[in-house]
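Think of it as A, B, C and D in the order they're written, each chain with its own count starting at 1.
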């Protein structure tokens, strides 16, 4: 295969570093990488295929700091897609890419299927967002465990449910909560060594709605997990849902705070907020629009309402305090049969649902504007900040010489109105132009389910 | 295709009519039908392929008056086999045939899939037991309805559960319980006319364990259903589970009593028993072995224990009174993942489970012996009695000239020991020799399920 | 005690027979009975205590054809009032009387407590409405049975729950559904002979929301129950909730139709409606106001909404067809802790709740007006019709010589506006003036519960 | 009242300090206190009433380090005894005393009722064991909370359930899990200052069977609670159920380890065991007999079986390592209606149930022997060790001059056979002879409940 050479010309280039956009700029690409970015005076090689971006906006490919590419975790989903988990993951990765996410970070899922799809995408066999994956959230169980949908176990054979959960847990499941620090160290070392996750996520607090106030691991254990991650060169983050679990995560040395804004019954304590800001800890905060919050106030259970009011207040304080924020959606594909599914969270029908994969990231950007985040900061939250937080900024996150050519061309200026992120004209990933209309190539969840 | 000609020679022929067996008898077959049965002096055409039955026993193919060829009705089964219900039905029909059941009567199932398999078998496209089917039990709901496993609706999308139930209900479901006699007449007429069931079954009483004391239809409505069935030339039977529902079924004019022995909290009243015997009403009674009853006494819930003790007492009284009994198992395929499935009836692990398709009929015959039914009567219960009760005795049920050639050759004498029904040497159905070793051709439920 | 002599003078007397009211009429009372009713020319004995009704309206005491004086049947109520059921019943009978109901018919309750209170009231030991009682609804279970609140059995000792249920069932409970007609006859005869109910009520259909389509007793059994009631000189009524159970009740010969308007998923069939009207069968129909129906449409579950829309439609058709209707509320005392009680029917907070004892009968009268029942017919529905239907019209139901002196004096004309039934000036029962302000004398349920 | 003077003479005196028993010893008492203990040569004042203990054994009154005097926490109990919680507590305190427990430590209960009974007993108004009480387990909820029997909330009005829970929580409930260390400090300080508990207990781990692996409070918060307890002169203990929560409790500085042997899915880590032994931390371990363990192996759910096998293994290791152990039962009165109560733990019918108040302490002593604890150490575990651990050994725990006269006279030698603790001849508490036959004075839970 000959080396591709592309030149995006004539567009306003916003490189993701926060500086002034380059009017009528040029981005030169060879193969999968950017070889130059500059003003209209930049020389375009003759052999380069020219892509006109006149009147348009050229930005780095968007990133999402938290997705779940396999989220068909109700019993029917788990059974219906038996043997086809890879297809389900692929569909999600294609929905993501189609909507401008060139890179996503999967923070909990069935590792073998995720890995298989990740490799196929990396090898250009399949089209889809670039995937980084954590595998399990260390200390949590799989889909049918008490941490997620234990109702499944009222209708599935126990051995089958066990086998399903193991696809997620991979030896780093809830049994770790009974262990001493050194026993956990051994398990995490083994997990890192054999499953080779791209980053680590552990449960600092419980996951289910009724367990969010509990601490999963002592401070000693949390430090052990972070140490083992760092020793293997991995970033480490935690699932936290309460003020103390958030504080413990920070004390343990986490690199990235995943939904620090979920503190549910109490706000982020002022002291903790100060440390977050002062230490410039990246905050993957679950921004949501006013419209979503209004829906919650009107329709949600007391628990969810309270959680979201606190979250929103935390988000506002994080923005005001100047915290480093990352676009994060905690999203999954919403299947066609969700509307009347009894195990769907009550929120599935909500207006502006943030956790709908393929659209949630646009809603996040909308919410960021509503919360007062500056347009350029929002753009960086969706690009460079994530790349840096996950320590993949050598290759990703900005339009700079030497980086991978993950690029969006937008019809309208995203700095003027966050809704303009939706005006995708073209997506380039790894230096290749993506045919959005073909995605997803084989829809499973996103078409109507039929008996 | 040239016409097949077979001669089974040298075996003891028990023709199903109750007379003395023919030693060293001969059964001549041309095409799908028996053309002659007689002693060793009978002339065997030269072109006939001879099958030696020397030292063996030749009997009519066995029949089961009540099976459910599709019984994967837990939510995981319903979802796992989406789009493959026909394969599931075929597997069951093959398990049946492999074990000597040349004809089965399916009394509740997904009609379209059952019909499709029935046709393929009738057309010699697929191998399997001959199927007669009722479709729905008129007045009951589908698998996820309160009549069966409503727990399914806690984990399945409502619209999907509705669609599944409709596959069973076919317009003759629980909504009929709200109707007047004439409204029910119209519905049944439509059901008979458009779904073309082979026989009718209706719910005289409720189905779930908590509803067995209730009457589903008034006497007037029951008469209407029987009238409509008879007008269309169909036999009619009812689901009954209590003394009064049994009496009402008889009053309504049912042709065949399906599990009249299930009267749960009270025995069959003496007067009802007398009418059953005097009118020679065919009783498809759920005989079970002592071993099964012992298991129930030791392990079952109070409800099940009580039900089975009453049932067994009824069975003994029916046999003693000389009632016409039919082999019936109410059986389905027990899937490989049943052992630890929370929705399996508690009885699934029972010793001598009568409702295990493929084996239950042997257990029925064993139980018949234990209950004191004479060996020849037991054989007729499994053959001629069923054919007559279902009014298909023009073609089926005995080894007689003109009947379809459904024949078993057994290694040992079934009149000596009911266990000898298991000693199947050869099965001939429709005049064809069946390759038992190839069945089931594509096992689904009967192999281990894996994620 | 000397014989009391009262004269109510100067009021408009509406005697309950449907004729023109007597302006400035006089009602003379001696002891517990009315000795004369007539125009102002009637001679008032000198010794009579005169009660001025000038400008007011004198009507027969109101009656309710269906109440439950003990309705604290949630587990906490059953336990909290252990040993005090009589006090609970007395409170209800006093709330009734205070609001103008001089006679109530209790159709399901704990017989011993009801009987004890009935006797105390009859003996003038306690003040309260006159009570007639059925005891159990033959064929139904007690409060913790599947017919009512089986959830209780998840939190109560089994033996205690059993003992509670027996207080209601009294040997005529759900076990009758397993019996033959003659067995039921024996049980009912025993129940009538030993428990001495004032009238009989039996379950023609199931009671819980999920069982309303089922028939409890065959036609034969229903006839047996009616025969036994009639043989003992008792009126008989049935609980029906579907078109067929209503028809069967009528066929069985019931004297009074209790909530024939509850047919839930289907309207009363036209033929049945005709028979009801033609045979002048008394219909204790659960009229409810537009406001209640609106609340149901807005707030209720699909099941309840459907039930009430059908009910209301039936009510309108009954009125239009000229059926004989009776005031009936199926009411109980709503305890002070109902607002946030998880076992309260969803309807407890409804506007214009018809089943609130003490107020529901006023709402019924309001609804009767909205449904187009003529004012005088409504008054008779609440008085004479009930007395006749229950065959106690020798003593009750009208203001006539020889009848018991159960009388209301209203400030405003009830024929002008049904709201005027609330304008109670004075209540006389058994010839005694009731001190309404003292009732209930010892409130239990109607004051706030405290730990 | 004149000062009582008693002399127990002639018995073998075992003073609880571990030294050789005094044969034919004398214990002199004046008022509520022991004034001398010595050999037969000790001079007995003339005015002293002599109690002969010839051939008998004189030991300190027994103590239980963990009881729940109010344990009628099923919904029916909570409601049935509304307004009578003090009577329930008194019955338990009398059952305890009757069986030789002169002092008990109540570690979770309704504080106001417990306090009221404690005061009445202290003031000699009522008879019963001496009570020390913690009130709530800081961080846990009341009886109807998820920590205990949330099923109650399916049948009780929410406001009533809330009010019940507050009786236990007293401002130190589950809301503390959402707080920062300083917020918890403020709450605990307030709790100590206003509720004046006798000692503190907090939840280091979750309570319900499904939450035992979770940590309730961070290390910082645990230290704060211990600091506040110590600042107020109170001993502090924690509820722990896992290896890490046990370690955290020790690190936090707890004075007494409550059930350190409950580590459920994993044994006490060796390092933790060493620290416990080396620091002589008092271990209130839930010893149980072989018979109980056998019952558990045969009948219990997987969860309970596992918990008890681990517990027993821990107990054996604690004894072998020479840990300081305390008699503890975590017991409550088992009501008469327990046998068929659906909310009774599955263990209620177990052989040798350790948690049956009034008998459990005898079983503990039996188990101590089986586990190899030396007889004298077992006696001290039930007396002096507890007094020291709770820092009440100035007054309690041994037979020594100046201590309160809490004394048992046994017929047989407890050092020969632990069953001999049951041979209670006489109980003296506070210098008074207890009439055991009169206890409990007004049985509520311990007689049969009737409707």
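Convention: a contact is a pair of C-beta atoms (placed from the backbone, for glycine too) under 8 Å apart; a residue touches a chain by one contact, two chains touch by 3 or more.
Here the structure is a predicted model, which means the values were calculated and not measured.
**Student:** Which chain lies the greatest distance away from subunit A when centres are computed from Cα atoms alone?
**Tutor:** Most distant chain from subunit A: C.
**Student:** Any idea how many Å lie between the Cα centroids of subunit B and subunit D?
**Tutor:** 64
**Student:** Any idea how many Å lie between the Cα centroids of subunit A and subunit B?
**Tutor:** Centre-to-centre distance between subunit A and subunit B: 55 Å.
**Student:** Counting only Cα atoms for the centres, state how far subunit B is from subunit C in Å.
**Tutor:** 52
**Student:** List, in ascending order, every residue of subunit A touching at least 2 other chains.
**Tutor:** Residue numbers touching two or more other chains: none in subunit A.
**Student:** Building nodes from the protein chains and edges from chain pairs that touch, which of line, ring, star, complete or other describes the result?
**Tutor:** Topology of touching chains reads as a ring, each chain with two neighbours.
**Student:** Please list, in label order, each pair of chains that touches.
**Tutor:** Those chain pairs which touch are A-B, A-D, B-C, C-D.
**Student:** Which subunit C residues qualify as touching subunit B in the complex?
**Tutor:** Within the complex, subunit C touches subunit B at residues 146, 174-175, 177-180, 206, 210-211, 213-221, 242-244, 247-248, 263-266, 269, 271.
**Student:** Looking at the complex, which residues from subunit B come into contact with subunit A?
**Tutor:** 74-76, 79-80, 82-83, 151-160, 163-164, 167, 337-343, 449-451
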